[in-house]
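Per-chain numbering from 1; labels A, B and C assigned in written order.
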Amino acid sequence: MSFTYPSIRTRLENGVLFATLDAGPLNLLGVDLVRDLVSLVDTLYSDPGDVRVVVLDSASPEYFSAHVDLTAVPEYTAEAAKAGGPGDGSLGMFLYKLARVPVITIAKVRGRARGGGDELALACDMIFAARENAVFGQFEAGTGSVPGAGGIQHLARRLGRTRAIEALVSADDFDADLAERYGWINRALPDAELDGFVERLAKRIAGFPPQGVRAAKRAVNDLTLPEPAAVRSDAMAFRDLVALPESRERLGHLADRGLQSPGDLERDLGEAVGQYPH
Amino acid sequence: MSFTYPSIRTRLENGVLFATLDAGPLNLLGVDLVRDLVSLVDTLYSDPGDVRVVVLDSASPEYFSAHVDLTAVPEYTAEAAKAGGPGDGSLGMFLYKLARVPVITIAKVRGRARGGGDELALACDMIFAARENAVFGQFEAGTGSVPGAGGIQHLARRLGRTRAIEALVSADDFDADLAERYGWINRALPDAELDGFVERLAKRIAGFPPQGVRAAKRAVNDLTLPEPAAVRSDAMAFRDLVALPESRERLGHLADRGLQSPGDLERDLGEAVGQYPH
Amino acid sequence: MSFTYPSIRTRLENGVLFATLDAGPLNLLGVDLVRDLVSLVDTLYSDPGDVRVVVLDSASPEYFSAHVDLTAVPEYTAEAAKAGGPGDGSLGMFLYKLARVPVITIAKVRGRARGGGDELALACDMIFAARENAVFGQFEAGTGSVPGAGGIQHLARRLGRTRAIEALVSADDFDADLAERYGWINRALPDAELDGFVERLAKRIAGFPPQGVRAAKRAVNDLTLPEPAAVRSDAMAFRDLVALPESRERLGHLADRGLQSPGDLERDLGEAVGQYPH
């Protein structure tokens, strides 16, 4: 096995693969990043070598991952489809496969994790975030759509009915402390302590006999992950809703204001989706 | 459509229907309020007009809604039955219908929300409460009965096993901060900020394309609401238990001390149910 | 009925049975304690007398219960088997029976509740813990195994996917405040207030008519407890994993360093399982 990718920097140390997403300032889940994540997850299934734990973070200080590349939905979907069997061509099914990978995955989040970027974090086994700057959000409802890659399934189960509805239909930003209070993430930690905390935890788990770790993860997954049919259904709902005229109008309006470019609109996207038509 | 009711004051603004329960100082869920709520929900299903979001609050500063009118259970049940199909004549089935209404509902809670009043809040899509004065409680176990209109189903799913059992069998009052920590409500906010927060959120959601908002709510409901059979079963358990001699004795004792009148006993009902026979 | 046991001190007062585990400084779940707990639960089912609520605490200030007696797994399992039907010979099935007992049970936790000791607390209907000294942990993954007596089932449902995976695969200690934030326990309270709080709550519930209390507990159990098959499956996973060479090596290493003796290793067991081979 080898863990070398154009858009993911990796370092293997004591059974821990530190994987840093490095696909531009927004770390958009587009063709490059999805292709490399699919490749990484494929290797974790087929030939993990010494890897027991993966720590996923971002090379961009302001964005864990802004969201999917909305200009290339068919293209990144085609990359995601390479992860699955026939008929399972969606980012959601790929992230579902990531959630079941037989090593432990930890998302270490600084900056914004919105839309598909949040769903990438939710597919990991744990999420630790920097209190000062991490932001979580599913902004899709603000543009006429719904999260299509796991956001509905994870948040409904984790946050409970009223908080999940709030998170999904408010389309708003949730800072790390509120995300912790809502059960969206494991914990918010001071930015200065985040690296040390996650590294210690990852190396600790990597040092345990693997059979118990794997059995525990599998048992929790069996109790908390959705059926594949629900994952497929959400992916189709996203695909259908995002194509409606009103959704295209909203996304076009956001594009005119700077969507997918580093700048104020992406920085405050939760606020921005609430400002239409102005 | 028209939103005019004897016991609910309404105001429609930017797609948000502000609906203020105004059925006396305790806002008891009796014949008047249930009749008008049934009528409101019926219109939200059949002819919502511009309404995208409903904000439910109370005209009484001390009571969101004290509980059902225990002197008129058959009468308000008959009103609730008008909401449903044959055989579904219960407050629980009506609140279940409210939980599935295809607009977003937000309970803005000041003062006490106990028993059926709490279940009314739980049937809404979000609950925001004033930190200084909101109180939540299901006092039924203190009088020999159980919540019959959704309290068991919502709390067991939202709070988890041990906290739900505590809430239900302690029959005690939970202030807004504790209710937030337990996941009973979305958030406790300072009283002075509550109106502004809820109004901004409601108008924001009302401004989104409706298809995504509705799809997200429906998806979360499908994952978090009970089957109708469980709702019916709880309604029957309440009806049967409240009729037992020991329950009638406890309720009679509370009636002698001021139940259903504005005053100390209603104000501190959580404490009062623990004081028997004294 | 009589509530007299070699390793559990009891006192009955106003319908509340105060049951204090007194099986040595670590309160190991070994032959003595399991035998007496089985006997106590059996009486609570068959002949509870005036008992409406049981408060479970420990005579040892540092340990609610350290864990099972790892030198006597077949022996305490044989005692646990006396609680159940044929084929249900496991601590997990006994604790499952405890979770369904038709009186209310409250765990009042000071000191460490790890492994089976934590699972004993999780099987109770409520858990209140001393903020200054209570510690919760499932250390099994650190020794190659998994919790076999309910830890997986309870934590996956209560904490949600990512926090449950963290709790189980980190094998780490969680103090009372963090356990409250994660929904592992009902509440952390100041040590000085814990006794008074639990006694008031227990006597309050014991004074209510029993039918509503029992119906509420049963309803929540039906919604939140696993199927017996899952309980059996976890018990078998524990039994199989703990017998693997790598697990035996880790447990042997811990035994050499002081496992099952009062002292530093047991005190800091969460830390200790992360230190191997050193």
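Assume a residue touches a chain if its C-beta (ideal position, glycine included) is under 8 Å from a C-beta of that chain, and two chains touch if they have at least 3 such contacts.
Everything numeric in this text was worked out from a predicted model, so none of it was measured.
Participant: Viewed as a graph of touching chains, is the assembly arranged as a line, ring, star, complete set, or other?
Facilitator: Per interface graph, the chains form a complete graph.
Participant: Could you classify the chain A-chain C contact as same or different, where same means more than half of all interface residue numbers appear on both copies?
Facilitator: Comparing the two copies, chain A and chain C contact each other through largely different residue numbers, since under half are shared.
Participant: Using the average of all C-alpha atoms in each chain as its centre, how far is it in Å between chain A and chain C?
Facilitator: Measuring from centre to centre gives 35 Å for this pair.
Participant: If a residue has to touch 2 or more other chains to count, which residues of chain B qualify?
Facilitator: 157, 183
Participant: Touching residues of chain A toward chain B in the complex: what are they?
Facilitator: Interface residues on chain A, with respect to chain B: 140-147, 152-153, 155-157, 160-166, 168-172, 181, 183, 234, 237, 241, 244, 246-247, 250, 273-274, 276.
Participant: Report the residues of chain B in contact with chain A in the complex, numbered from low to high.
Facilitator: Residue list for chain B touching chain A: 104, 124-127, 154, 157-158, 180, 183, 185-186, 201, 204-205, 207-209, 211-213, 215-217, 219-221, 223-225.
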